[in-house]
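Below are two complexes that have subunit A in common, paired first with subunit B and then with subunit C.
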Partner chain A sequence: MYSYSGRILHVDLTTRTVRTERKPEDWYRTYIGGIGMAARLCWENIEVGCDPLSPGNPICIANGLFAGTLVPVGGKYGLASKSPLTGFIGDSLSGSWFTVALKRARWDGIVIHGASDDWVQVFIDDDRVEFRDASHLVGLGALETEEAIREELGDDQVRSATIGPAGENLVLLANVTNDGRQAGRTGHGAVWGSKKLKTLSVRGTHGVRVADPDELLRLSFDITEAAQGPHTEKYRILGTVANVLSMNRLGLLPTRNYQQGVFEDAELVSGEYMSEHHKVKTLACAGCPIACEQMSRVQDGLYAGAIAGVEYESLYAIGPNCGLNDMKAVIKAIEICDQGGMDTMSTGVTISWAMETFERGIFTKEGFKCAKYPEGFEPYFGNGEAAVTLAEMIRDREGIGDLLSQGTKRASAQVDAERGTETYKWAMHIKGLECPGYDVRGLKTFALGLAVGTRGACHNRSAAYDPDISGAVDRFSVDETRGKLASSTEEYAAVYDTLPLCKFIRRCFTGKADRAGAWPAIANLINATTGWDFGYDDVDLIGVRTHTIKKAFNIREGWTSKDDTLPYRWMHEPMKEGPSAGHVVSEEELAYLKGLYYEAKGWTKEGLIPKEKLIALGMDDVAEEIGV
Partner chain B sequence: MPTSTSTYQNIVCDPDECMGCQLCEYICSYVKTGEFNSYRSLIRTVRIVPIVTISIACRTCEDAPCVISCPRKALSQSPETGIIYIDEDACDGCGWCIEACDFGAISLNPETKLVEICDLCEDLEDGPQCVKWCPKDALTLATTEMVAQKARRKAVAQLLHELIAS
Partner chain C sequence: MQLTVELFGLARRLSGEKEVAVEVSDEATLRDVVVALAARFPAFLGPLVVPGTYDLVEPYFFNYDGRRAARSLEEKPKENDRLLLFFVTLGG
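The block that comes next holds the complex of A and B.
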């Protein structure tokens, strides 16, 4: 096989042993890499029904098909475990050099089993695997840890995926960081922390071989050139933060814990403002000719010197969503999350829940005592120092940070159980994962996409906002087309997440991002890399299979159709103002949409998968376990 | 920062434009070995967190320290182009040239145990492939004087822009 080695590395932290598993070519043609392969490895290796923070939950890493080659934006890998936030599949992607090192070490995937008694770093040095003491790294920030390991091992080509203090402290919002990028969502950092795995480092020295290098170079050069043109302008010039003002104009910018969709000070936390006042450098992931990461710095004031890569999803969550119009505090809070190894989105939305709970008088100043503020502080919306301090308290599980470290679902349930309150009514999560930067009361197709999402509220796995925002459908109403749209857009996204290719390249193949515009070009890339004979339908099937294995995983872990729901606020409180004013996703609408969606998938009314459907996808063993 | 005194052309990287994508390493290693492997690239991307990124290849120094340091006289420099040539029969991979290079621009081939140095793709019609592939035009084939001229023009253009704006 080209690009693949045919080998999966199994590492057992309990026994400190390793073994190699060989997979047949058919398995690779079915699950490819990235999210698809990582989810499949999780399906194969998990103790069904286990506690996500127990040794039975494996850490599954799947390399990218194009990682280490010249195919633009192919430097990405998939990471999957059972999520401690949702109890369902937790799948994340992260970009950059770690995956390239792994490819050169000739491992297609890694499965980490068991748990260590002491803090450990695993070092994969081509074929050799070393278990090294990590006690001296405990407490180091995620980026500091990466540097410390490079120093320790004496080779700057060693690339590490690591957790920060948040993961060590089993904060459920914790993530995994490599090369300054994050496998951000669903709480992977806590899973690593539960195994006392501080870092996974790789040195790979072998070359990557592809089937038809001349053809691959020709294809890649054209895409690389196209990636400097208008199709990527948004990402290259302002980055994803350009979304702040667009979302605000549509009345969809989550503001003050999703109480509003319009932020009066949006200009002050916009991409345009950030670019003018804070941007110091644009960075690319390994193998990316676009470069979208906007490194931003605070020059003066309380947070002088803070520096972080700022994305829209981080910015909305900690900025408008916490009522902050102070870009400096936003950058500082993002830096705390990045160094601490925490998901900025879930952290921001959990802080905004605490702020609303404070403003409603359920939390009081005394509840916010900490070493920095022994008398407590008042976390009203717009209080930047409160957001910064709460991020630190969550990371360290200090004071109320201990409660908040469990995320909005658990924190609100605990408060409501103890005090008889109804804070769940403003706990903004789906299946336990905090919501992204779109208020779906004004995006009905996307509302369905989020509700049925296998990893909870995620804007990356569902692309159903696209027909809503582009105007292909009326975003404020529902009709019989939405089930198919939600289904087809999530399978579309799953193709990119499985290869993986960064979705920002999607218009650079032919100028058109739809299947007809992209799939033939992607098939050519796959064939030049592997020597296979993929066509349009084969590419399309990648997305179907990936989505199906994730759904099957959830069904086996106890999913029922009741789990496909939306936060209380989105279903019961009409949007107050702005272009989306008056809209809500009613229970009737959601039930109708879900029915359409299950039907579009060819599933049962209860959302279960018929056996023959699984067999047709080449997943006979899955059919046997969960097919109906 | 060490300096070189080259009047020859070499691969110059503008750190303001370099985003750290590493595509130069991939294409270089492919051209030289037929495989993609940063360890075999003759240009290397250096990234220091949080924001420094730059790619470095041979600077074609005058009175090149690598040539002077070689105990076996295996290295020689073209008087026309400044390119450093390696006599594979003479080189025994001792690594003194690697240590002598202030820019870390020389690498040891792990398979042949011989040193390798950027040759500006002199045998290719369209020149250095890293320059051709660099998506941000951060890499150029230039002399230090050409870089200085470009910097001067940029500085004056900026001054002009500010004068007009004020």
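The block that comes next holds the complex of A and C.
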């Protein structure tokens, strides 16, 4: 095989042993890499029904098909486990050099089983695997840990995926960091922490063989050249934070825990403002000609010296959604999350839930006592220092940070059980995963996409915002087309997540981002890399299979249609102002939309998958277990 | 007729304006609005507007006052319409 080694590395932290599994070429043609392969490895290796923080929940890593090749933006890997936040599949992507090192070490994937008694670092040195003491790394920030390992091993080419203090403390919002990028969402850091795995480091020294180097060079050159043009300029100049003003103008910018969709101070936390006042440089992942990450620094004041890569999703969650118009506090809070190894979106939304709960008088100042503020503090919306301090308290599980470290779903359930309150009504999560930066009361196709999402509320797995925002449909109403649109757009996204290719490249093949514009070009890349004979339909099937294996995983873990729902607020509280004023996604609308979606998938009315459909996708063993 | 166009992202950066008033004929289409904008801000040609055809470079598009996206540049806006010239970036 080209590109692939045909080998999956199994590491057992309990016994400190390793073994190599060899996979046939058909398996790779079916699951490809990234999210698809990582989810399949979960399916094959997890103890069904296990506690996500138990040894029975493996860490599954799948390399990218294009990692280590010339293909631009192909330097990504998939990371999957059973999510401690949702209890369902937790699948994430991260970019950059870690995946290249893994490819050069000739491992297509890694499955980490069991749990260690003591803090451990696993070092993969091509074929050799070493278990090293990590006790001296405990307490180090995620980025600091990467540097410490390079220094310890005396090799600046060693690449590490690591957790920070949040993961060590089993904060369910914790993520995994590599090369300054994060495999965010769904609480991977806590899974790693439960295994006492501080870091996974790789040194790879081999080349990556491809089937047709000349053709791949030509194709990659064309894409790279296009990626320097107008289709990516928005990412290169302002990055994703350019969304702040656009979303605000559409009335979709989550503000004060999704109570509003218009933030009166949006200009002060906009991409334009950040670029003018805080941006110091842009960074790129390995092999990326776009460079979208906007590194921003606080120059003066209380948080002078704070520096972080700022994305829209981080900015909305900690900024407008917490009522903050202070970019300096936003950057500081993001830095705390990045160094602590915490998901900025889930952290921001959990903080905004706490702020609203305080403003409603359920939480009081005394409830926010901590070492920094022994008398407590008042976390009202707009209090930047409160957001910064709460991020630290969540990371350390200090005081009320212990409650908040469990995320909005569990925190609200606990408070409601103890106090007889109804804070669940403003707990903004789906399946336990905090919501992204779009108020879907004004995006009804996307509302469906989020509700049925296999990993919960995720803007990266569903691309159903596109028909709503582009005007292909009326975003304020529902009709019979939405089930097919939600299905089609999530499978579209799954193609990119499985290869993986960064979606920011999607207009650089032919100028058009749709399937007709991209799939033939992607097939050419796959074929030049592997020597296969993929066509349009084969590329399309990548997304279908990836989504199906994730759905199958959830069904096996006990998913029912009731799990496909939306936060109470989105279904019962009309938007107060802006273009979406007066709108909710009613329970009746959601039930109608879900029915359309299951039908579009060819599933049963209960959302279960027929056996024959699974068999047609080449998933006979899956059909045997969960097919109906 | 007179329209107002709010500018976002690249359009704002290239023009230095948050919004501009545009004067076009009563029968004008959105493409005529693009032509008027490009005449006023020649820097739009290339990065934002395709020279010759005056198509908007994907993914830029018009939206009517945050409520409805224009489906085509052949649509005819109305007097005093407030248009947004912008884009949305998601994914990654």
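Keep this in mind: the second predicted complex is superposed on the first by the 628 of 628 C-alpha atoms of A that agree within 3 Å, B and C clash if a C-alpha of one lies under 4 Å from a C-alpha of the other, contacts with A are read in each partner's own complex, and residues count from 1 in each chain.
Throughout what follows, a residue touches a chain if its C-beta (ideal position, glycine included) is under 8 Å from a C-beta of that chain, and two chains touch if they have at least 3 such contacts.
These numbers come from a predicted model, not from an experiment.
Overlaying the two complexes via subunit A leaves subunit B and subunit C side by side, clear of any clash.
Judged by the touch definition given at the top, the superposed model places A:498 against neither subunit B nor subunit C.
Touch criterion not met for A:347: it reaches neither subunit B nor subunit C. Using CA centres, the angle subtended at subunit A by subunit B and subunit C is 80 degrees, rounded to a multiple of 10. Of the two partner chains, subunit C is the only one touched by A:471; subunit B is not. Look at A:231: by the touch rule set out above, it reaches subunit C but stays clear of subunit B.
In the superposition on chain A, contact is made by A:205 with subunit B only, not with subunit C.
Once chain A of one complex is fitted onto chain A of the other, the partner contacts of A:240 are limited to subunit C, with no touch recorded for subunit B.
In the superposition on chain A, contact of A:579 is made with subunit C only, not with subunit B. Of the two partner chains placed by superposition, only subunit C is touched by A:251; subunit B is not.
Superposition on chain A leaves subunit B and subunit C with their closest Cα atoms 14 Å from each other. No residue of subunit A contacts both subunit B in one complex and subunit C in the other.
Within the complex, the subunit A residues that touch subunit B are 68-70, 97, 100, 104, 143, 146-147, 156-157, 179-180, 205-210, 213, 217, 221, 224-225, 227-228, 280-291, 295, 307, 309. The touching residues of subunit A, when paired with subunit C in their complex, are 230-231, 233-235, 237-238, 240, 242-243, 245-247, 249-251, 271-272, 292, 311-312, 459-460, 463, 465-466, 469-472, 474, 493, 496, 502-504, 506-507, 511-513, 578-579. Subunit B contributes residues 19-23, 26-27, 29-30, 33-40, 46-47, 49-51, 53, 110, 133, 135-136 to its touches with subunit A in the complex. Within the complex, the subunit C residues that touch subunit A are 6, 8-10, 12-13, 46-48, 57-59, 61, 63, 65-71, 84, 86-92.
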